[in-house]
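Chain IDs A, B, C and D follow the sequence of writing; residue 1 opens each chain.
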Amino acid sequence: MYEKAKDLAAAYVSRRISRRAFIDRMTKLGIAAAAANLMVNRLSSQALAAGHDWQKHKGRTVKLLLNKHPYTDAMIANLDNFKAMTGMDVKYDVFPEDVYFDKVTATLSSRASQYDAFMTGAYQTWQYGPAGWLVDMNEYLTQAAPNYNWNDVLPNLRRSTAWSGVPGAALGGDGAKQWALPWGFELNSVSYNKRIFDKLGMAPPENLPDMKEKAAHIAREADGMYGIGVRGSRSWATIHPGYLSGFTNYGARDFEMADGKLNAAMNSPAGKEFTGLWVEMIKQSGPRNWSTYTWYEVGNDLGAGASGMIFDADILGYFMNGNTKEAGNIAYAAFAAKPGASEPTPNVWIWSLAMNAFSEQKEAAWYWMQWATGTEHGMFGARQMDFVNPVRQSVWDDEGFRDRIAKTYPGYLEQYEASAPGSKIYFTPQPLFFNLTTEWAASLQKMVADEVPVDEGLDQLAESVNRQLASVGLR
Amino acid sequence: MQHTSWHWRLFKGICLALISLFFLFPILWVLLMSFQTNEDILRVPPSPFFTPTLDNYRALIAGELTGAGSTLKIAYMKNIWNSFVLSACSVLLSLLLGVPAAYAFARYRFRLGENIAFTLLSFRFAPPLLVLLPLLLYFQDLGLYDTYFGLIWVYQLITLPLILWIVRGYFEDVSPDIEHAYRIDGHSWLRSFLKIAVPLARPGIAAAALLAFIFAWNNFVFALILGSSDVQPVTVGALAFITASGIQYGQIAAGLVLSVIPTFVLALVMQRYLVEGLSLGAVKG
Amino acid sequence: MTTQDMTQAAALPARRRSGRMRALLPYLLSLPALVVTIGILIPFGTAVYYSLQRYNLAFPFTRGFIGLDNYAQFVTDPAFWNTVQISLLYTVVTVGVELALGLSMALLLQHRTPVNNLLSVLLILPLMTAPAIAALMWKLMTNPNFGVFSYLVGLAGFTEFRWASSPSTALFTVVLVDVWVYTPFMMILLLAGLRSLPRQPFEAAELDGVPASFVFFRITLPMLTPYIITASLFRMLDAIQQFDIIYAMTQGGPGDRLMVFQVQAYLEAFTFTNIGRSAAFLMVLWAITFILSNLFIKQWLKLRERTHRAA
Amino acid sequence: MSFLILDRLTKSFGALKIFDGLSLSVNRGETVAICSPSGSGKTLLLRLIAGIYEPDAGEIVIDGRPVTGLAPDARGIGMAFQNFALYPHLSAFENIASPLRARSVAAPEIERRVRRVAEILKIGHVLQHLPRELSNGQKQRTALARAIVADARLLLLDDPLRNVDAKLRYEMRQELPRVLREFEATVLYVTQDFREAMALGQRIGVLCDGGFVQVDRPQRIYSDPSTIEVARLFGDPTINLYDSQLADGVVSLLGLGLALPGCAGAARRPCRVAVRPEHVQIAVNGEAGERAGLPVTIEAVTPLNQNAVLLLHTAAGDELLATTTLQRAEALACGPREAVALVRPEHLLLFDRATGARIRTD
């Protein structure tokens, strides 16, 4: 019977049978889904191993610096397979998200070799890369195992994690260095409380004016609930989700390039129009404590039924649909802010894996990164853990994953498919990213607090940004 | 002061009640939260009535916490242990170094004495952030990174100035004649220090040690930057309940309660010394 | 040689050693503390050096010595002066409120009754909650939807009270949390001080029927002053370097309303990787702290001289 | 040979010179009382001997051994402090046992010796009490017991009776010499009270202006003071003292010329003249007879112990004190206020006006 199960698993791994057929037949053999999955993983690893000397670094120990995140949990859950396949050991330090990047920045700045690879966001690589702390993964990608299939990774994400290091140069453009490998990502769309929307007889918002109106309607009609949750804390993280997605959709840009120099452009007419509506919407029907709102508060409120909808990461809505008061009531919708826009333009956050330039065993580290960003682990995480959104097309095409999402998160796939084509990083890469976006957030706070009118606030911001760019020779 | 009228006493009682309410209500509320599910905590409007659950504590003590859809491993009890080791060892080392020094500053006028005392206090001036990154460099070079030893050393920046300056004040309040008498009795300097000076300044030493312990316990930036996840204290550990898939307020509350227990027990044990003051009679000469 | 000469000669080395020991003793006692902590001066020196450099980790090739340029930039930077102002305001308000409240609490709990003793331990509880986590809890308790304080304040009619979120109440909110966390520190030091005061002056005043206010201002307060100075000094050191509470509650916002030194320096160093500027920022903070502490300590030493002369 | 020798001790604090070449020697078993006005450094002197402070120059020799520079615990002395300096956290028993523990005496022996000294000092019943539970008198006895329990060769008693009430002070004044004799100690006894010094000291040292101005038997200190300070310090009521001139063997006391045969022929010089109140006789109603006297009026009569003090005014308004018996005082109080004060020349004490040194008249 075991042989039969193994054959089945092999058939599934090589995609000769569908997932549903595989599970059905395994069940007939009396093998539970969990056990079946484990078997699949082992076989997948073996499949991955084909044509590549995975045992080359046997006995080595790779050390990782990781963020406390569902992605990390998924990786750790599957780690034994990597160890078995390579004979390597993996040690990891996991730090809470709140302090994770402080730890990374400090560690890298000391040029220490104790971590071989670590998790990072794409924006951070705009500092770490020029600082000389990261390895350009292009040189390793050429040596990948035959079935690694780098091109399976969504092209927008591959480009968004590659940059030449020239401020203002397009991501993934000429001479771009692959500073990191995409691992998991989130795009920005609307997650809303379907129970309330149904009760009020509303459809998800069509565009920003509509969103503003519906949010106000919820604030008026739904008892004790406010309309729209968006982030507002004094941090770069306030700018990159909903705000920048809508900002871009209105045709505004953060910078313009002129003669190889950057020029602040957030005070363009389009930028002012969008920001004006945005600020107005928050004042009308945003959370009362908006300026302290981070990812966590925005999510909490949606999950606890305190807000009608959010314009934030899709996976935040995904997480809030389980284990919360409103679990099962959360629905998803792609969102293009500008009335009449052709498609949504969600900015994305990409949790990626990067290699420490000071690592003393880079190739061993690469082995782990290759495995962790590979199809097999992506598949495992997407099917069984919260390793969403996957970065590989093959995973999105996987029926097991699609089944699971369609069942527990209705509308999520549709949202994703509508959002995905336009999803990428819309920021102009430059090393002052965090200075400028933090100031941008502070500026928004002042506008919402009525300390400065929107237009004037954006003008002041652009002026200040230009001054800072000039001081480091970027303008 | 004995002849207090009843309305004065009533007024004092009301003041104490209000103050206690202000300081203890949040603690009480957190305690209640620690027995609630996240759903109960995130109710609109908040309410003190709920069905208590021990899940938060169970999760913390077992080291497994069930989040949205998955089980996360946490090491909170290990964090508490780390906090305890770091704080206790730091305070002990600070007492060992600081009490004799405090005695020297209180008893002797010596060349550079005030300068040394001020220098030791000035370590408290340096914002931790200022020295943090250079310190990390040196720690890497010296092999002190990620060691209890290195962290205990750095924690001296927090604990030593506090102990030194508080204890110094208490030594100054002890009459030197008592020690002179003991020396004349034929005891060595060391014995008079250990048997007379230290026991008499004990309330001050206890208060300073407790406060230093609390400050060490509450620190997080040093261990965060200078150590791996193996040596992280509760202050960092408690942040692990803030994850992308949501903030586990119930677990943070339970974590807070658990993290306060060791310090609170210590305070109860030291209560006798803390509140007695230098009440052993006319100590001051 | 007489017998006396001989004993004298024999005793001499021992006596010399003893005399030298006596002169050395204070150094022997205080130097270990100094030696153990002096290592910190090395990183401190490194940080000073950083502050004189153009040093942004993200621009490795522009790194270089620029003298006092980082500092010079502050002079014309309104954000810098905003930070100085906010930090000092925050320090004065928190230390002032905590001193007044802590002293009142110490006076209320002065007498040794079982209730007072129990309360004095219970009231230290806020100090035992790490400020970073306490701030998180306060953030929840002041959340407009789920927060118990928002709810209670709403019941009292302030439905639009926005706590840390509004520029007009943000300072109040973080000061409230700071007061909640740190007043017990003042209380415990002042209570220990109060209970250590010699009793004779009070007994004498009581016999003479001196009014309570006179006893407080002319006897209690002057005798308690050294303790007040020590406690305020340490609170001042922590308040001007406040980070945990403000960062956890507002990250320095709304706008630049709570942009105190350490928050700004933290952002500069860890988020903007601008090490040179961050170091210069912190050096200014260090200088302010140094000057303020010096004032406190001068006062303390003066008092100490006075009491010793009186004794 | 002297048991304790203080040899030209000098001690300053900053610019303030406290002792300047102070010397003293004390015989074995002798009790020397040190008496002086307050602020003259009595307590400091004991602390130098005990080793709490070190002299800037000079040598301290105890029993033939120079001890300057030795730590207090190496000097083998016992000391009782004015403020008692009991160990507040130890029982009276442990307070007293402390010197014995320092000498590693066996426990039963400690018990025996503490009991013995406690019996002698009548504090046997409070040995288990903490100092704060003792009365002042008991504290003082405990401090004393601690000083003497280990048979220290040298006892330094720093005004031990100052902080106890009058009754107890009187009792102890009687008792102490017996106790000290019992322990055969050599004693330096510091006090501000001349009576105490006279009662306890076999000799009295008067400390003034950085050194001893006179060290002598009590009676000699009283009757033959070497300086004005000594004369003033001893005697109650205090000695009468006036500016005067010495010329041709005659000195004037408030205008009353008195011939001093021993000074005949000496040069004329300014001086101060002193006479003790008990040497001023009062004559009324012609009792004086032929003798030359000073006309005075009796202003007040105040009883003092078994005697009475008369406050007299001369015609010029100068004050003069005299002592007399109570009976006599009663008689005088009923009689006329006019009287004559009689002084015998041999009772006069003359001092140099500039230096305060005694001018010998015999």
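Definition applied: a residue touches a chain if its C-beta (ideal position, glycine included) is under 8 Å from a C-beta of that chain, and two chains touch if they have at least 3 such contacts.
Note that the structure is a prediction, hence the values are computed from the model and not measured.
*Asks:* Could you tell me which chains make contact with chain C and chain D both?
*Replies:* Common neighbours, chain C/chain D: B.
*Asks:* Quick check for the class: compute each chain's Cα centroid; which one is farthest from the centroid of chain A?
*Replies:* That would be chain D.
*Asks:* Which chains, taken as a pair, are joined by the highest number of C-beta contacts?
*Replies:* Here the largest contact count links B-C.
*Asks:* Averaged over CA atoms, how far is the centre of chain A from the centre of chain B? Could you give it in whole Å?
*Replies:* 39
*Asks:* Rounded to a whole Å, what is the gap between the Cα centroids of chain B and chain C?
*Replies:* Using C-alpha averages as centres, the distance is 14 Å.
*Asks:* Which integer distance in Å separates the CA centroid of chain A from that of chain D?
*Replies:* Chain centres of chain A and chain D, defined by C-alpha means, are spaced 94 Å apart.
*Asks:* Please output the residue numbers of chain C that touch at least 2 other chains, ranges allowed.
*Replies:* 145-146, 275
*Asks:* Scan chain D for residues touching two or more other chains and write them down.
*Replies:* In chain D, the residues touching two or more other chains are 71.
*Asks:* Which residues does chain B have that touch at least 2 chains other than itself?
*Replies:* In chain B, residues 42-45, 132-133, 137, 189, 220, 239, 242, 282-283, 285 touch at least two other chains, as defined above.
*Asks:* Within the complex, which stretch of chain A touches chain B?
*Replies:* Interface residues on the chain A side: 68-70, 73-74, 76, 93-99, 102-103, 106-107, 109-110, 112, 114, 224, 295-296, 299-300, 303-306, 315-316, 319-320, 322-325, 385-386.
*Asks:* Taking the touch rule as given, give the residues of chain C at its contact with chain B in the complex, in rising order.
*Replies:* 23, 25-27, 29-34, 36-37, 39-40, 42-44, 46-47, 50, 101, 104-105, 108-109, 112, 116-117, 119-134, 136-138, 140-141, 145-148, 151, 180, 183-185, 188-189, 191-198, 200, 202, 206, 212, 215, 226-227, 230, 233-234, 237, 241, 243, 261-262, 265-266, 269, 275, 278-279, 282-283, 285-286, 289-290, 293, 297, 301, 304, 308, 311
*Asks:* Which of the residues in chain B end up touching chain C in this complex?
*Replies:* 1-2, 12, 15-16, 19-20, 22-24, 26-27, 29-30, 41-46, 93, 97-98, 100-101, 103-105, 107-108, 110, 113-114, 116-135, 137-138, 153-154, 156-157, 160, 162, 164-166, 169-170, 172-173, 189, 203-204, 207, 210-211, 214, 217-218, 220, 234-235, 238-239, 242, 249, 252-253, 255-256, 259-260, 263-264, 267-268, 271, 274-279, 282-285
*Asks:* Looking at the complex, which residues from chain C come into contact with chain A?
*Replies:* Going by the criterion above, the answer is residues 56-60, 62, 139, 142-146, 160, 162-167, 249-256, 267, 270-275.
*Asks:* So in the complex, which bits of chain B are touching chain D?
*Replies:* Listed in rising order, the residues of chain B that touch chain D are 175, 177-178, 180-189, 191, 196, 199-200, 280-283, 285.
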